[in-house]
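Below, chain A partners chain B and then partners chain C, in two separate complexes.
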Partner chain A sequence: MTGAARRDGWVGYAFVGPFLLVYAAILIVPLLMGLWISLNNADLFGRREWVGLANYAQALGDPVLGQAFANTLTLTLLIVPPLTVIALLLALALNRATRLAAILRGVFFSSLVLSVTIVTLIWRFILTPDAGLVAVGLGALGRAPVPFLSDPAYVIPALAVTTLWWSLGFPIMLFLAGLQQVPHDIYEAAALDGAGRWTVFRRITLPSIRRTLLLVVMLQTAAQLQIFGQAQLLTGGGPGGASRTIVLYIFEVSFGRWELGYATAIAELLFGMILAVTLLQYWLVIRHEEQRA
Partner chain B sequence: MSGLELIDVSKSYGATRVLDGVSLAIGAGEFVAFLGPSGSGKSTLLRIIAGLESLDAGEVWLGGERIDGLAPGARGIAMVFQHYALYPHMTVRENMAFGLVNAGVPKDEIARRIAQAAETLEIATQLDKKPGQMSGGQRQRVAIGRAIVKKPKLFLLDEPLSNLDAALRGRTRVELAQLRTRVDAALVMVTHDQSEAMTLADRIVVMNDRRIQQVGTPAEVYARPANAFVAGFVGSPAMAMLPARVAGHDGARVRIGLPCGADLPTAIPAAAGLEEGAPVTLGLRAEHVTLAPPATPGLPARIDLVERLGDRTYLYARLSDGSEIIAHAPGFSAVRPGEAVTLAVDAAAAHVFTADGTAHHPGPRA
Partner chain C sequence: MRKRALAFGFAGVLLAGCQPADERPEIVVQRFFGECGAVYGASTDVAGAETECGILTTLINRFAAENPDIRVKVNVVAWPGYPQLAAQIAAGDPPDLVTMHQSVIADYSSRGLIEPVEPLLAEANIDPAAFTPAARAGVEKEGRLYAMPWDTIGRLFHVNTALMAEAGLMREGRPVLPNSPEELLAQARQFKQRTGKPYLIQAQVSAPDFMVAFLYTYLLAQGQPIFPDARHVRLDTPEARRVVALMRQLNAEGLTTRNQDFPAATAAFTQGRGGIFPVGTWMLGPYDAEAARRSSALHGHYAVAPFPRLWGSPAPFVDGHAWVVPAASRSRAERAAMARFLGFLARYNYDWSRTGQLPAFAAVLATPEFQALPHREDIAALARTGRQLPGYVERQSAVQGLIGEELEAAITGTKPVDAALRDAERRVNRLYAQMM
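And now, the complex of A and B:
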């Protein structure tokens, strides 16, 4: 290696170094510490008592965690597919250079900048059975109000709708960015090839934004498996645990019951699950691509 | 006529007019080039024919059918795009089949047409590759193949050679010339490269400033340019344009005086606008200007630039009044920049353009 090349190498590390340090300090170290704590009986005062895999064994047999797991999975399945489809449809509609489209892009994106506190406040006004927007609407139709947030049958869908409304902006932006990467002339070639709108969407647009689609599904799945704020603020996990999510349960166990070791074990399990699901999605798409190539 | 016919086609983008009353008829098997500088409207015209742009006024007919209201896919037209516009996620085979599947062509017929086109274009071994795995020249062939299999009534080629390097350009030019023998359709090519147009097309449509300037065979456009723009745009090197004045008449022929004092008897018949003293532009192609043998009369000039092409040399020179002129010499000329030379002009081959751009060409030799 020449001196100049070596110097270039060090300059490179100098640029990457600060990021790597911060990355290690706030992600890698906590991950390893978490792994360590999960093998202990631990509380918030620093007590540590080695218990091996006992916390994990407890988690696997915990019926409350089982219910939280089912709730979280249901929410993820209720949120990610419609979110992806709706965001894609809106992005297709907004992918044009008109003033109205520009304004609407801003409108759809705006919900994203609201904090979860504001979002849940808005949706409380909409969903509350006393005088909420939906209740007023149902009343006008002569129907009884529905207690969305206190009926176990409605609470999960209500949380899903709230999350959908809040989360649309970012996938729309990702899809718009993906759509704008598609060269315009292949649409013209498709027009000359006599492709109808559906054929263009299915054979040209969708394959062209496949990677964006994967990104959106991966990001949203990872995000919704960690759903927390909406459940905590809108329902507190109730009624009777009907809307308790995994992260909410972790929060309760660690800061309510002070069982830090157990909470961390659940968190590690959740981390492993998200990692596995994300890798699975990635693998499915990549394998599909390789088969086609 | 069963070819392509444009009737009074006009197009504006907002307040900017890009095509102004363009009319043109192209025969069923003809190869026509739209030649012009960027912004001349030639690409817009091509896109209007394809249906990728709407027209504000006028009609487009193809094979006896009015097509300007039809969708692009329903016009019986295939287009080879400048950047090929291949579908990147489809294999070559799928690229070529796409339009046929949409048109409801039976599967075995699709396979037959693809096999045939792939054979003639020598891409039969590439059919299962994706465009991203191919070279520029191969992609171009795929784009041509995708057009051929549709058996269109009209081929549109948008700057087909501009993306290729020099070596590939020569070979593709040969292939495009062969293409017309393989297909039973009219071809329209857009280009800004006059040598492409000259070598490939049966007729050239020279466009500038939103309008057709001239339609003619390459020979006509070269030898009898309709106006000063065509004269300057077609031919390489460009025709030299010298400020001049009508000096008088020799019988029925016009005599031209140059500011440097030279007096040239042309073969141009006297006509309106060529009265004695009228300011004109004298057009001279390089092949009609040579180095005068020693001790013969001619125009004194000084050489600015020498362009040696091997078989001939172009000499860019300046007359005593500063006007620029281009001469040619056979083979490798030893003339150097800065050298003073005497130029012999074949005045009988000169063109004259009046101030409004109208061209006057040599009449039949007396």
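And now, the complex of A and C:
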């Protein structure tokens, strides 16, 4: 390596060094500390007692965690595919330079700036069976109110709808950014060739934004596997744990029961799960691209 | 010109930030009981305040106004606020004075996370002998006082007497309450048949504490040791199955409201949509005020009574609120400020008892003002018969969450009663087994 190349290398490290230091301090070190704590019977206040993999063994046999895992997976499946499709359709509809489209882009994005507390408050007013908007509507039709927030059959769909409403803005923006990167001359060429709208979407638009699509699916999957605020504020995980999510369970175990070691073990398992799902999604898309190449 | 204006502006901003340091001792008061700043944010009229939130907010405002040499910072936390407190203690940044249920104190005192308060009480001229026996028992752990008690709380039957009369369940102006589970079911059916409304109003959604209090009350009544020792709960018993089966039966027959959270249940009671709302002493004041309102469905038709004796002997489960001091290093001036705050609160214990809670200071019980408060003779039995859990029982906040969740599943019918009680026992015992 020449002296200039070596110097360039050091300059590169100097640029990324500060970021890497902060990244290591606030992400890598806590991750490693978490791994260590998960191997201990630990409370919130510094007590530690080595138990090896016992917390992990306990997690694998914990029926409450099993229920929380199933709830989280169901929620993710109920949220990510519809969210992706709806956001893409809305982005396609709003990808035009009209005043109405600009206003609607703002409208759809606005829900995202609300805090989870406000979102759950709004949806409580809509869903509560006593005097909620839906109950009033059903009452006007002579129908009984539906206990969306207290019936095990309805709580998960209620949380999914709330989250869909709240989360639409960001994927729409990502899709719009992706759509605006597609060169316009390809569409002109397709028009000259007489391609229909569906063919244009399938052959040009979708392949052009596939990386944005992957990004949206990966981000949303990772986010929904960590769903917490809506479950805690809207249903408290009830009834009978029917809407308890993994992160809500981690919160209860660590700050309610003070079992920090066990909570950390569950958090590490969740981290592994999110990493595996994300890598799987990435691999599926990359493999597909390599096959095309 | 523009540069000079900018420079002056910048200098002005910098100078505005320069002010003498506030040398006053600061105390951080952390409390639950809700947020009502919109109504009581600036009020210091304690006698004119209503509800727990209103009275405590005006009390703190008044203390701040009367003690300008102390900086009072208030953290309002969502009930019960223990996850936040645990996180604050773990982070080494606890508040100075915190509201805490007496049943929770042992969790913190046994680990040295809160301080004994005898020195502060002495500095505030508060004699522990002035506490009621129930209040003192709630804050005394292993011979030390770990809090200043603030009240004794229990659950009551809040009764709509107009609907009870319509159901034929009034005698000599008093509601007729059951003396056995069979009578309870019979009266509830009669009530529903005659009024078309549910006998009970219950907050079943996100409110596990009521169901746990109901279970504890009737297990204590049957002489059942719920916590035989510090590391075990006993719930998988015929006595517990009887209690939960009754709650499930009421639910299954539609003799109680369903799918209501606390605000919805309160609205249902004040609008006359059910006969009896079994909820805490803390709603006595607000419901009495509602009954005084001419346009209310409760107007002139409100009564209260302790939980009826359904099994064994009357033994309602009671708890209490208290002020604890998280362990931390504090200056002499800060401790003096905290003592002054406790002394101030102690002087206003009567005003706090207007909420419906029983006062923590025995002298208040004897005052004509307290005795003149409505319905206090109806709940006096609570002070005599109320039972707390043994002092060695820890982790009540978490334990009640676990039991409440299983009870909810049993009562709503999503889990058999036996399985729910077995699971509750297993989950609580596992929690105790993990406890360090």
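Convention: the second predicted complex is superposed on the first by the 279 of 293 C-alpha atoms of A that agree within 3 Å, B and C clash if a C-alpha of one lies under 4 Å from a C-alpha of the other, contacts with A are read in each partner's own complex, and residues count from 1 in each chain.
The definition used in the following text is that a contact is a pair of C-beta atoms (placed from the backbone, for glycine too) under 8 Å apart; a residue touches a chain by one contact, two chains touch by 3 or more.
No experiment lies behind these values; they were computed from the predicted model shown.
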For this session: Overlay done on chain A, so just call it for chain B and chain C: clash or fit.
Result: fit
Problem set entry | chain B, chain C and vertex chain A (Cα centres) - angle in steps of 10° | 150
For this session: Report for A:S208: first if it touches chain B alone, second if chain C alone, otherwise both or neither.
Result: first
Exercise. After lining up the shared chain so the two structures overlap, which partner does A:D151 touch, if you call chain B first and chain C second: first, second, both or neither?
Worked result: second
Problem set entry | Which superposed partner A:F45 touches (first chain B, second chain C, both, neither) | second
Problem set entry | Which superposed partner A:G256 touches (first chain B, second chain C, both, neither) | second
For this session: Determine, under the contact definition given at the top, whether A:E188 touches first (chain B), second (chain C), both, or neither.
Result: first
Problem set entry | Of chain B and chain C, the chain that contacts the larger number of chain A residues | C
For this session: Have a look at where A:G34 lands relative to chain B and chain C in the superposition and call it first, second, both or neither.
Result: neither
Exercise. Once superposed, minimum distance in angstrom between C-alpha atoms of chain B and those of chain C?
Worked result: 41
Problem set entry | Those residues of chain A which chain B touches in one complex and chain C touches in the other | none
Exercise. For chain C, which residues are in contact with chain A within the complex?
Worked result: 82-84, 86-87, 89-90, 111, 113, 204-206, 258-261, 264, 267-268, 395, 397-398, 401, 405-406, 408-409, 412, 414-415, 427, 431, 434-436
Seminar exercise, completed: chain A contacts chain B in the complex at 183, 185-186, 188-196, 199, 203-204, 207-208, 210, 292-293
Exercise. Can you list the residues on chain B that touch chain A in the complex?
Worked result: 50-52, 71-74, 77-79, 81-83, 85-90, 98-99, 102-103, 130, 146, 150
Problem set entry | Contact footprint of chain C on chain A as seen in their complex | 41-47, 49, 64, 128-131, 147, 149-152, 235-242, 251-252, 255-259, 262
